[in-house]
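Take a look at the structures listed below.
Heads up, the next two complexes both have chain A, just with different partners, chain B and then chain C.
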Partner chain A sequence: MAGSAVRRLLAEYKQLTLNPPEGIIAGPIDEDNFFEWEALITGPEGTCFEGGVFPAKLIFPRDYPLSPPKMQFTCEMFHPNIYSDGRVCISILHAPGDDPMGYESSAERWSPVQSVEKILLSVVSMLAEPNDESGANVDAAKMWRENRDEFNKIAERIVRRTLGIPA
Partner chain B sequence: MKMADKSESSTNSDTPTNQDELILAQQRKIQQEISDTIPLVGPLDQISSLESEYSTDTIYLAKIKDLSSKYKSIRRTRPDGNCFFRAFGYAYIEKLLDDKEQFSLFYDLVEKSKNSLVALGFPQFTVEDFYDTFMEVLKRINDIDDASDAKKELHNLFNEQGYSDYMVVYLRLLTSGQLQKEQIFYSFFIDGERTVADFCHQEVEPMYKESDHIHIMGACSVLLTGVRVVYMDRGGNTSVTEHNIPQDRLTPDVYLLYRPGHYDILYL
Partner chain C sequence: MPLSRFDRVPLPNLKTYTFLSVLALSGCVYFAKEAIKDPDWNIQDKVQHQNSRQRDETFNISSANDTSDSERSLKQWVSDMSAVMTREPICVWVLINMAICWLILVGRCIQRMVFGDLRVSEHQHLKDKFWNFVFYKFIFVFGVINVQYVEEVLLWCSWFALLGFLQLIAQLAKDRFEYLSFSASTPIWSHVKLMGLLTGIFVISSFMLLVAIFVGYFIGFNTFAFMSAEVILLSIRTLHVILRYGLHLYDIRTEDASGVNPTSPSGSEKVWEKRGPITYYTELVFELSALSIDFLHHIHMLLWSNIFLSMASLVICMQLRYLFQEMQRRIKKHRNYLWVRNHLEQNYPMASSEELSENSDNCAICWENMDCARKLPCGHLFHNTCLQSWLEQDTSCPTCRFALSIQNPSSSRMDAPPHDLQQDNQQPIRRELNHFFHFDGSRYVSWLPSFFVEVRPPQLMRTSDVQNSQLDAMGRQVQQLFPNLPLSTIVDDLRNTRSVEVTIENVLDGRLVAPSIFHERNDHASSPSSSTVLPQSSVPSPSAPSSSSSTRWEAANPVETEDNVAGRFSKSPEERERILHKRMEHLIQTARKRYIDKQHSSTETHS
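What follows is the complex of A and B.
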């Protein structure tokens, strides 16, 4: 089983290297272990995360792609759909029925025809358009709704920090 | 001050959700432990072997008696949410092995199916592994001349998780493709406001999702076959209820026993 997971991850890595989606780099941290990847995601233009480069880890299960990977930002993040420890909480990272946040029924879910690229693109859209109804970080969701200026300020500080610019 | 509030309360607000995730993880682990003790596809058993599961339940015992008057044996499948697709795939291919001509028609049908899926919008890149594995299994059993040896190989491959699960995924994709291709028809079988595409993404394509009537209709339709489902539950009288899918096909290729939440294979 792990053999087919590695074969698939290798194919996805190749694909992502040959045709990288804009603003995304991803691949195994160590080519001896295809089950742990690092990704760098550029904050989408025209959003409060613009200009930031956000590092994240992806951990794949042995039965990938039957089950989805887990994803966690390794930099500081403040976002309605990201836990304070960096774990990303969006529907595509969950199989249907596995539903910690009660996603909308139309939300995109994990299935074996999804891919790392699809996940990363969903994460970019999530950065651009937080879903404040499924709050992994309730405070961020509340601030996004009620005090956008303050939210933008925090986001800007996080962006500067990812670039190593003192706040 | 505001920041201090933030970090403190967000730690608190994380706790209940983490608990939920822990509970989910535990549920999964328990289910896994139960299901891992049952083979993906088991050996042939007598129908009467069902009696031990219901030794004090007179309704079920009466129905098992009725069932054994119609069917000779049962082959159990692992209750992991994939049981319909695994039972269906196994039983249909097993039946085809008795008829070389039918088998080769099926082989051609599956061989051409990847292009149809890609034409329907499935990403070639992620469909390929499942298709290749399905074709590999068909080739391997097709290369064996003796039908009973081929059936043994089928049984072995269906009990190797890597092959078996990939076969299930491909059957799920074929079914999803069929439902989406005929989406106007199938939309009448879906409750609520979900589109056929949403339904497929959430209920057909993902592994471990249980199957319903609509999955069986789609699977039969795309592979040009028929299934008879024999329902056995605590309701009604003392006999089991049989149902052909599609309805107008009176000679099914596959017979399945349905008990609430689970499918096993039946043999005449």
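What follows is the complex of A and C.
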């Protein structure tokens, strides 16, 4: 099993290296373990996360691509769909069987034809347009709905921090 | 399997242990030497052992001894020495201790030669397996066999010492194989070493099986069954790992072949199609036979021990229950497999060659070339094996989500082993863990050891939810001291150490570090001026067109531009790692520059 997973991951890594999507870099941190990747995502333009470069790690299961990887931001994040420990709650990362929030249709969930690139692009669009119905971070969801200015301020602070620019 | 773990029991390290063992041995040798200096040593013994004998007889022997004393040959000296030492109980124990010490040293040598440094999880597995084994064999020797004589205990102990040693090495080899299979590029030499070790274990265990048959022939069927069950289990497991390893190496080889030659000959692809079922059935046969032998072994122990209401039989019963459930689960999974396979064959035809040539894409599941494929009603093509493993867990087309009319009455999704639960561990997660004893000494007094005995599947490093909350609490305690470490890292380490103090020590000694990205952030934060290192041209200024800026940047630093490194995918893993790192750094620096520039321009427009 692991052999085919490694082959597929290698193919994806190659594709991501040769044709990287704008502002996205991903790859295994240490090639001794191909099941642990690091990714950098640039905040989408025209949003409160614009300009930031957010690091995340991706952990792949042994039976990838049958099961989805797990994704976790390794920097501080404040977003309705990101848990406070950085785990990303997005439908593409959920296996078809489980539906923790009970709101997704199966069409949005994981399937083996998805890929790392598609996941990261989905995360970028999630940064741009939070889904405030799924409350991975209830405080952030509430602030996003009711106090957008405050939310933008926090996002700005996070962007600066990821770039290493003192506020 | 009951697992007793004695954490933080102060065990001496190997050096002191070896030293003490050698010291004890030399003490014994000295004692024996002194003993045989006395010419009467044999008589006293004879007197003790043969009280009823007459005095004159012993005198005769004594005189005979006297005469031969001076020309005692070296051979005789050695035999006398060993005679003395085997007679003295303390010496016997010292000798056994020495043998164990020797075994540990051999193990350490093998570890040095084959494995190098052990990873944390391997270390933990080893420790678990060891205590598990000791606990279990203790129950076996004293609870099941009910040994009467010291000699019997000795024989069993030495048998189990050897067996346990082999089992530990086999476990280590299995762990290492699984770790190596994570990597796309491992030097062939480490594969050879590991394969050699596994074959060695297999050969030794076959030899031990012969010994068991030999012993069983003279002593009886029961002893034979007890001895051989364990050995057969060991050889089956080893053989399983060897076969898996072989298949994995085959995988890697085909990967290399297809990497060199993208249009690989269709022969290998055909084998690939057959490979799926082969792997599956070897897996099934080995798992089921190992489980059933284990099961029979335990039933045998239970029936033979004759003590139905003892701690030993309780432990065996719990183990039996676990084994039974495992077997049931495996069979259910197999039924599901067969069902899906039949369904595939009956309902979805193989794609014709025209359809294949029309659809030049790779298989969407494994991203590899398709030579033969199955066609779903919605028109999408996939490899047979890929489709099979997907349909075992879901019932829709992976590409378009077209719902396939699969209604498997025998096993719904809940019954089938859910793949999403098999995340970083191949084994499924068993939710209920039977703790039957837990003692956390460090809660009361810091030097008390903490240990617990629990029933859980072997080789499973998952902790229960209850423990997770406890771990989280401990993790937060550590995090208060080291706020820059992410909680997940701390909890991961705590899962191994189970002690706040040890984890703190790990952090302080640098064994536990935050993910590299944290360091990078901190570095940048502490030195905001580092951006000046970059040539100004690397960032497209608002006035200059970006194309010219990028060419200038290339000229300044021809190797390390993003454009340049992004354009190629190196063959060497080290270079790939380096390029990835460079690209990441470059992305961050560019973003920083852009951000600062933007801020400048906005402040300028404001003023």
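In this section, the second predicted complex is superposed on the first by the 164 of 167 C-alpha atoms of A that agree within 3 Å, B and C clash if a C-alpha of one lies under 4 Å from a C-alpha of the other, contacts with A are read in each partner's own complex, and residues count from 1 in each chain.
One rule holds for everything that comes next: a residue touches a chain if its C-beta (ideal position, glycine included) is under 8 Å from a C-beta of that chain, and two chains touch if they have at least 3 such contacts.
Because the structure is a prediction, the values reported are computed rather than measured.
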Chain B and chain C placed together on chain A: clash or fit? clash
Query: Is A:R62 touching the first partner chain B, the second partner chain C, both, or neither of them?
result: second
Max touched-residue count on chain A (chain B vs chain C) belongs to chain C
| task | Examine A:L121 and indicate which partner it touches, taking first as chain B and second as chain C; both and neither are also allowed. | result | neither
Practice problem: Identify the partner contact of A:L163: answer first if only chain B is touched, second if only chain C is, both if each is, neither if none is. | Solution: second
Output check: A:V113 vs chain B and chain C. Expected answer is one of first, second, both, neither. What do you get?
both
Between chain B and chain C, whom does A:A11 touch in the aligned arrangement: first, second, both, or neither? both
Taking the superposition on A as described, I'd like to know which of chain B and chain C A:E38 touches: first, second, both or neither. second
Candidates 27-35, 45-53, 63-71 or 243-251 checked on chain B; the stretch that hits chain C is 27-35
Chain A contact set shared between chain B and chain C covers 1, 3-4, 7-8, 11, 63, 65-67, 85, 95-98, 106, 111-113
Within the complex, chain A is touched by chain C residues 178-179, 181-186, 247-248, 251-252, 255, 364-368, 386, 389-390, 393-394, 396, 398-399, 401, 413, 418-420, 422-426, 486-488, 515-518, 520-521, 523-525, 528, 566-569, 573, 576-577, 579-580, 583-584, 587-588, 591-592, 594-596, 598
Listed in rising order, chain B residues that touch chain A in their complex are 2, 5-7, 9-11, 13-14, 17, 20-21, 24, 28, 122-123, 125-127, 129-130, 133, 161-162, 165-166, 169, 173, 192-194, 198, 201-203, 205-209
The chain A residues in contact with chain B across the complex are 1, 3-4, 7-8, 11, 15, 63, 65-67, 83-85, 95-98, 100-101, 105-106, 108-115, 135-140, 150
Counting only contacts in the complex, chain A reaches chain C at residues 1-4, 6-14, 17-18, 20, 23, 25, 27-35, 38, 40, 42, 51-53, 55, 57, 59, 61-63, 65-68, 70, 72, 74-75, 85-86, 95-98, 106-107, 111-113, 159-166
